[in-house]
Amino acid sequence: MLDAIISTRELLGRVDELLRTQRVIGPVRRDVPDATPPVRWFYEPVSSARQLDLGFAYCVYSPKQYLLPPRETLLEFHRTPDGFSARPVSDAQPTALIGVHPCDLHALVTLDRAFSHNGDDEHYQARRRRLLIVGVDCGKPCTPGVYCADMRANVADEGFDVMLQPLGAGADVERFGVRFGSPRGRAWLEAGGGCERPTAADERAADAWQERKEASFGRTLTTAHEDLPAMMARSYDSLIWEATARRCYSCGSCNLVCPTCYCFDVHDELDLSLQEGRRCREWDGCQLQDFALVAGGHNFRSKAAARLRHRLMRKSKWIGERTGGKGCVGCARCDRACTARISTVEIYNQLAEEV
Amino acid sequence: MKPRIAIFSLTSCEGCSLAILELENELLDLLGAVEIVNFREGMTERSWDIDVGFVDGAVSTPEDEREVTRYRACCKTLVAIGACACLGGVNTLKNRQEMESYRTYVYGERARWFPTTDARPISAVVKVDYELPGCPMNNREFLRLVKCLLAGVPFALPNYAVCVECKKAGNLCLYERGQMCLGPVTRAGCNAICPHYGSKCEACRGLLGAEALAAARLNMREIWKVDEERVLADLRLYGAYQGDGSKP
Amino acid sequence: MPRESVLEAGPVADIGAMAASPYLPEAARVLSVRSLTAMERLFDLEFADGRALGHAPGQFVQVSLLGIGECPISICSSPTRPQRFQLCIRKAGVVTAALHALRGGDMVGIRGPLGRGFDVSELHGKDVLIVAGGLGLAPARSLIQYVIDERARFGAFHLLYGAKHPSELLFREDLHAWRDDPAVDFHMTVDRPDEGWRGRVGVVTTLFRELPPLDPQRTVVAVIGPPVMFKFVLLEVLARRIPQGRVYCSLERRMKCGVGKCGHCQANDVYVCQEGPVFTYGRLKALREAIE
């Protein structure tokens, strides 16, 4: 059921209204002549709603950087001869994220859960509280190789303040079906007076659109979604881990582009005075050689095979079991980022053949 | 007492020394924290009572050898800066040719006036306490080392690939643009500056380890179907020096 | 469900102070530093505001030197001695090396207590066997002190301690006191003796011969030591038919955030800083990475 209908023109007007008071982030198209296809999209700040491309295929990076930046300051401190003073800081600012596909909405829910599970991470929550999330539905697989449907992440019922469904076909969508996920989202969109009541024809068009979408997704994963954790549990001692690890550079690209990877490292920085400094956190990745290294020199995951297994266990089993969020949303960013062409979904399928 | 610092140059373009002068925003703070007592690119006075010596350039002549031995004797801590000092750098390209042919090519009839040796990293001649690789070195990393030395804590280079910093910077991977970038096998610390500006990584900070290199050989052959030798030629731009006298 | 978003209007914020953060350390004063061995020092600490740490035996804290970093350290004193708390710190990395340079009067940052320690109420009324190896005696000591201070709540108390070499023995004063305490059945050994060593020689498992027969129905066991020790001690314990749910182990991992987010301390699916570092063997055996 749709809550409202809004025209593209009215929608962009509402975004421009947001721009008067806050940062707006959305998919921006970039021409990359030497790439195939010669265009990519990135989540970037815009200064006008017209810069958004809501018909984008996929963004190279997920929007996680706007909730968990690659690098952020947690504390500022001052060292004195007889001690120290420290204060927690944040540069969180009101932000609207416009144009998030269902896979990334699921991933944001995973991050929300991770950073509130067993106690809030205030630094994450400071950004989350200031974030308005506007989803936009994708009508078909955005690019070959995605397995979001296998992960039940190609449709999103939560994780947004407003969800937009393009109505009609073609690149120049003129109307969106609207679902509200929060009173705040409703208040924002309705404030312009441009929302219409959906007609029976609108509902039929939305349903037909949804059916076409569902039919357009094939299946890549040979294991049923609900059987994946059990299949993975049986594969712990598979040779596939070591065999695949022979190609792995342990470069961590898969971790860093993953919308549900949230591990981080913490380090201190000092000014040259050695008195003022900052405690910062930075993205880290379980594929990196030293991730499980302890002081004194023992590395609990010194082999690439053990690290590869750890990542896939987290994605397919452990994150879900721990927080209920999706460990993997099937966006295939890891597969695209891997310069060794190691494919996560291919590993799942190889393991399933064995066990 | 402020630590007394010297900056020396062997066979190189001295770009790494200049990178220190390019720390425009921090230069005054740096000069407040340390005393520079010997720096050809920056001053005329010379002192040989030195706490920390930074050396750029490869050892490429008998004179370089004498100089670096002298630096070692005069400096409590010796730091190699830049690809030349840490790996041998582009100077090592000559190691792959016959000495007489390149001497004659460069110096013509006067070749005998210019004695030369194979180019080597300075660690091949003297003990080095820290290395800041890169062509040029990253002056932010230089500052980080200086702060570690001032605070009396150990310094370590990142032990992960350039890809990590490239992804944090939000770059489009150069493999998606058809380039065989060496980022996956190269030590980070440069903030992926080359890929950020669209040029493939050429491993000027040195390789990460044998495991990554073995993976690279497999992947070049089986995944990318490219000539391993061609890709290895890229590695040799900075990393031709093998340490065992072999001609890579 | 994600929380309801509440848009906080206002101008674009520069970096600003926050009310709270799980990463903010509290100031604590170093009261004294004593050298235990060439590698380990014992720090007596108290919070600047005088409050007690309020920990359970087996828990840990994150110790900060702002500008250098933070490292996880087990608490080696018992909550029954709340005036101050003690940390035994081995010089192993950047932060611990800097901590070794501290003297009485210096300040450090403390976050904690963190993790899950021993549930002492489960131990009340039972016979207790503690097996400690090497630096494992430090976290074990928080429990040892607890049992001694609350002696009437426990049955028999056996304590086995093994070190590699006499020069690595920790807490020498305590070792003497435990040896002379009739309420503690204490045995220790070293792997390699030196000339002056008059005690036992052999790995810690050889001390099981010194124990009276254990009653599997009323004995709880705590095993704390390097990973290599676990398996052999567990074999001794399980051979004596102690139920797996009453055998506790403490795991060493790279706790970084200490609040179950950063991922560094994970052993398989378990965040050791949250579920551990103390686990029952019954739980631990499912964690392949913990015992391999």
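To keep things simple, chains are lettered A, B and C as they appear, and every chain counts its residues starting from 1.
As a convention for this text, a contact is a pair of C-beta atoms (placed from the backbone, for glycine too) under 8 Å apart; a residue touches a chain by one contact, two chains touch by 3 or more.
These numbers come from a predicted model, not from an experiment.
Asker: Would you mind checking which chain's mean C-alpha position lies nearest the centre of all protein C-alpha atoms?
Answerer: Measuring from the global C-alpha mean, the nearest chain centre belongs to A.
Asker: Ranking chain pairs by how many C-beta pairs touch, which one is first?
Answerer: Top-ranked chain pair by contacting C-beta pairs: A-C.
Asker: Determine the centre-to-centre distance between chain A and chain C, using the mean Cα coordinates as centres, and give it in whole Å.
Answerer: 38
Asker: Report, in whole Å, the distance between the mean C-alpha point of chain B and the mean C-alpha point of chain C.
Answerer: Computed value for the inter-centroid distance: 44 Å.
Asker: Mark out which residues of chain B touch at least two other chains, giving numbers and ranges.
Answerer: Touching at least two other chains: 151.
Asker: Specify, in ascending order, the residues of chain C that touch 2 or more different other chains.
Answerer: Expected reply: 67-68, 94.
Asker: Going by the contact rule already set, what residues in chain A reach two or more other chains?
Answerer: In chain A, 270, 274 touch at least two other chains.
Asker: Which residues of chain A touch chain C once you look at their complex with the stated criterion?
Answerer: 21-23, 73-77, 79, 82-84, 86-94, 108-109, 112-123, 126, 128-133, 158-159, 161, 182-185, 188, 236, 262-268, 270, 274, 277, 279, 281, 284, 286, 291-296, 298, 300-301, 306, 310, 313-314, 317-318, 321-322
Asker: Once bound in the complex, which stretches of chain B touch chain C?
Answerer: So the residues of chain B in touch with chain C come to 151-154.
Asker: Provide the residue numbers of chain C that touch chain B in the complex, in ascending order.
Answerer: 67-68, 94, 97-98
Asker: Can you list the chain A residues touching chain B in their complex?
Answerer: 30, 32, 34-35, 40, 42, 60-61, 65, 70-71, 246-253, 256-257, 270-274, 282-283, 285, 288-290, 304, 336-337, 339-341
Asker: Looking at the complex, which residues from chain B come into contact with chain A?
Answerer: 26, 29-30, 32-33, 143, 146-147, 150-151, 159-161, 163-164, 167-170, 172-173, 175-178, 181, 183-185, 208-209, 211-212, 214-216, 218-219, 222-223
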